[in-house]
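Shared chain: subunit A. Partners: subunit B in the first complex, subunit C in the second.
Coming up: the complex of A and B.
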């Protein structure tokens, strides 16, 4: 399989995950393919139940039963001492995985309070990971490295002596980020890392992430339901709905000119902070129950532009407009009986957000 | 008959102190934690008052005091121009007028009873006729756009989506026909795509039933969308309040400015690195302005003197020394000298 381009870190093709078995199975992630370049930021946006968390748990083989990976291929290019080696993540043994976890791929979860052991001081968390993965470091070297890591995220070294409950939510999340970076991984995955924080703290952490990524050069997969946050942070954004990628585009292009009705609806679900106050409608209906997904395009019951084909046939994720972006929507098929509305076509590209 | 704009619930100088124990040191000392400090709010018929604040700012404690679940340490509460005796137990009559809708519908609604039970219970408690109860349940379901109501009455909470269940939660609050609805973060647990629907519903209910509504949120953009008046809380105090969209369009208090600059906004990517976000949390200042340790514009006067609410005209106030005149500041520095 392909991971031929030396600038790619991760390549995923036709990846699917089920929860449960046989007739009871619920398809949580369906046929997801993407690749991630070195030092790039990929944003994954979607509502709860869209499969965004399941996707990354599956990719990193952290999925627990009854989650089952039913199809796909995931390749990771290693760095450091094993530079150039390519590993098949789905075929890897537990030992292989243990060798690459944290040192090649690390994860920051949403709830830092649950991720940190409440009985351990912060220092012990750092000490443990450094000791287990690099036995040559002495105790004082480990301590020094832990202090460096805390400084990286703007925390004082005395925090090492604190317990998690003594830190604020923002500080705990910073500790999690510092821990994730402890072994200099080339790929960091963050699952809603700022959702539980207030906006001021979120802002600080996001600007720190910017700096860290520029200094350390890791690739980042950032999962959130907040599309406007992703636009600021990510190079490229994938929008997921009912377990599938419905649209993928460079961040600013997606924001200024969405092509999928769901992406447009999602953006119009956030009231703006400026301009006239106008009535907004959001998206009618509610997300589908994956036990009984609608036939055809899963979004069609909520879509204003649905036509017969949408109700019967699943639209594939097709490249549009000379590549660069892709969308899974029959509206953009040349044979579509419904004309593409201005807000979803190139003609609408000057709004919102001004000229491209 | 109430008309739009009538004062329904008036809270004057409400404070609430929780007793906490100091853990460090040889002598464990008790000390008071002021969760809400001298907050006055007025809820008017047919209007939405939004309370915006981060977690820990005291906004939920304020709502619970208005619902009389948490008794205030001091202050007055006036309902329909008569003063409430806060030392007495909350009677059933107060609950009929003032209803609270909580954040998480999955936690707020009994999972083992059907929707019918959830809606009928408050009606029976408040003495409705058995015969009227079914009709009234259908009416309130219809008023929160769950139609046809009979499809929902026999269902259980797990059969509904989060958005639908939050509508049931709101319907339960409306069942006894209250004059005040306190909504504590009603949309933050919901899927992004259904939030706006619930917000629109709240606004519509407020307009049609002339409800006096308090909408509590950490999302200042949603406050801008729905509210007639917005108050920003920080560390237990209202730091800025204004009618309409004035707070978002022209924020005066440095905390409000920080809050607004922190909201992700792809249209203003250039603002990302503006100095305001550099402020780091380092505790509250109890002697002076609560925000002064984080404030980029803090002056000497801010650290030792609590600013009062300064009137900026048109109902816009700001609890900040920057809004004071020179005479006002001089008066304070002479008094404290």
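Coming up: the complex of A and C.
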């Protein structure tokens, strides 16, 4: 049924996550389905609290209490020695998971300062993952591998002797990226890896990532709230709102011609990295309280184009434009009483907002 | 960042440690000076009072010693006396105990080993057991193992004298499982023989158990709480994501969580002498605490002063030990803030 296509690495269907139990439960991720191709880059965008981090921590079974996976199916195609094997991530035992962690899926977290053990030198972080996952490597081989990995992200080998707090924010995040690539995983997940960095470092790291990915060919799930950053890196972008996917499209199409009012709002919240100055408008209001989500489309209280149907009925994620992209919005329903505004209907080959 | 910055930062850490050492030395000097000045400021004639207390059991040498202690009858200037006092102190001469008629340094050095042996060992044992339990109960937080928390809180709130007395009543007086009091069988004489050592160990069991029991819960709760806090840190989640074994993940958390406890252990050892007071009274055990109570009761000022100096030095020494331990255990203390 799932993951029959040998070019897919990951297939997720109808995935839901709650925080808390029974009556107290808050639905953080609802009915998310997607698949990720080998060596592809999937961008996940959305405001804080949209469920994007919860989604990836859920998929990798790293969710902490009180997070509970309530529904779904997640399959991962393994690589290397276990090539061709498909593992059911949600049914996997602790031992199964331990075997694929870091060697098949690795993670880069938002704050490298918090993600690195403050009492360990950088060298020890590398040594540990290499030793735990490959007992055949000698101490000097591990050391050599660590130096190669640091060189990959443009860091000097002497950084191995440093403690995390002795490095700059950009260096720390580069260390995290090098660490994530240590075992050549086929899937790397990055949870807002550049959010805590200044814009210049952000750009450097994103272009380095681009290069690394070309060279090493790992698939990447990149989470951010900065759509303009994503468009340079991602093949495809998913926009999440209130725990659901509201729009999914090839990166450039989404950026040039958004179809969901929320995507449009997100784009207007960030200045383009190049081109003319444009007015930042942002999105009025704030994300819904997930404990008492509004009826109908969760975005309708903040949406300029909301009509009656939006207030009562939840729009499904439907394919539009010959299946090349999908959107969950009643505006694009053929029966919509409201005409689709120009900003949400322009063609993907135009250049809005000064983007070249 | 300069390539030699690690050395600069390393040196900075040592400098910090040396600065702390200087502060402790200054504090020690202040205490010594106050110790010298106080008896000389006492109103009335404390010497006559003391000699009166001894009710004739007093030799001319003792009177001279007492007078010297209070700076009288020597016709020396305050400054000369002060230099003399410091010189004496440097040679380990703390004066002569009035009630015990022997040098204070001899009295202290014969009694301190009882205190170190009982209170010190008790502190270290309860630290290790309590911390290990804390790691375990922190790791299993939210499970049924949490039922120990209220029990531990209760145990922690029981005053020591109450716990000690109850233990004696039940296990020594009623069940006769342990000797009632003392440090060894009174029919034996102190010597390096197996019988004597076995007796010391036997008599030490109940007091040691009482110390461990009363301080165990504190270590356990402190470590558990630190463990729970540390386990919500990203680097622990990272350890799981890296596919490390459960034990390794626990080690990542515990190694970070134990830092405050280690500092506390050093400080607890600083309270060794004052902490020994209740234990030694309740179990009628020899040691510095017992000595202190007797010295207060008999107004044995030279002995009191000696004990106070001992307390000051253990507290200062333990504080410095805590600083040094932190320096070794936490690399962040070794470097100045970089950013």
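The working rule: the second predicted complex is superposed on the first by the 336 of 356 C-alpha atoms of A that agree within 3 Å, B and C clash if a C-alpha of one lies under 4 Å from a C-alpha of the other, contacts with A are read in each partner's own complex, and residues count from 1 in each chain.
Operating definition for what follows: a residue touches a chain if its C-beta (ideal position, glycine included) is under 8 Å from a C-beta of that chain, and two chains touch if they have at least 3 such contacts.
Remember, it's a predicted structure, so these values are computed and weren't measured experimentally.
By the document's definition of touching, of the two partners only subunit B reaches A:281; subunit C does not. In the superposition on chain A, A:168 contacts both subunit B and subunit C. When the shared chain is aligned, subunit B comes close enough to touch A:231, but subunit C does not. Look at A:55: by the touch rule set out above, it reaches neither subunit B nor subunit C. Counting the residues of subunit A that each partner touches, subunit B and subunit C differ, and the larger count belongs to B.
Shared contact residues of subunit A, touching subunit B in one structure and subunit C in the other: 168. Against subunit B, in their complex, subunit A makes its touches with residues 47-49, 154, 168-170, 198-204, 206-207, 225-226, 228-229, 231-232, 252, 255, 265-266, 268-274, 277, 279-284, 286-287, 302, 352-354.
Interface of subunit A with subunit C (complex): residues 60, 62, 64-65, 94, 97-103, 106-107, 109, 111, 114-119, 121, 128-129, 132-133, 158, 161-163, 165-166, 168.
Residue ranges of subunit C in contact with subunit A, taken from their complex: 1, 3, 5-6, 9, 142, 232-235, 237-246, 248, 252, 255-256, 329-332, 335, 338-339.
In the complex of the two chains, the subunit B residues touching subunit A come out as 54-55, 161-164, 191-197, 199-200, 218, 220-222, 224-225, 245, 248-249, 258-267, 269, 272-273, 277, 279-281.
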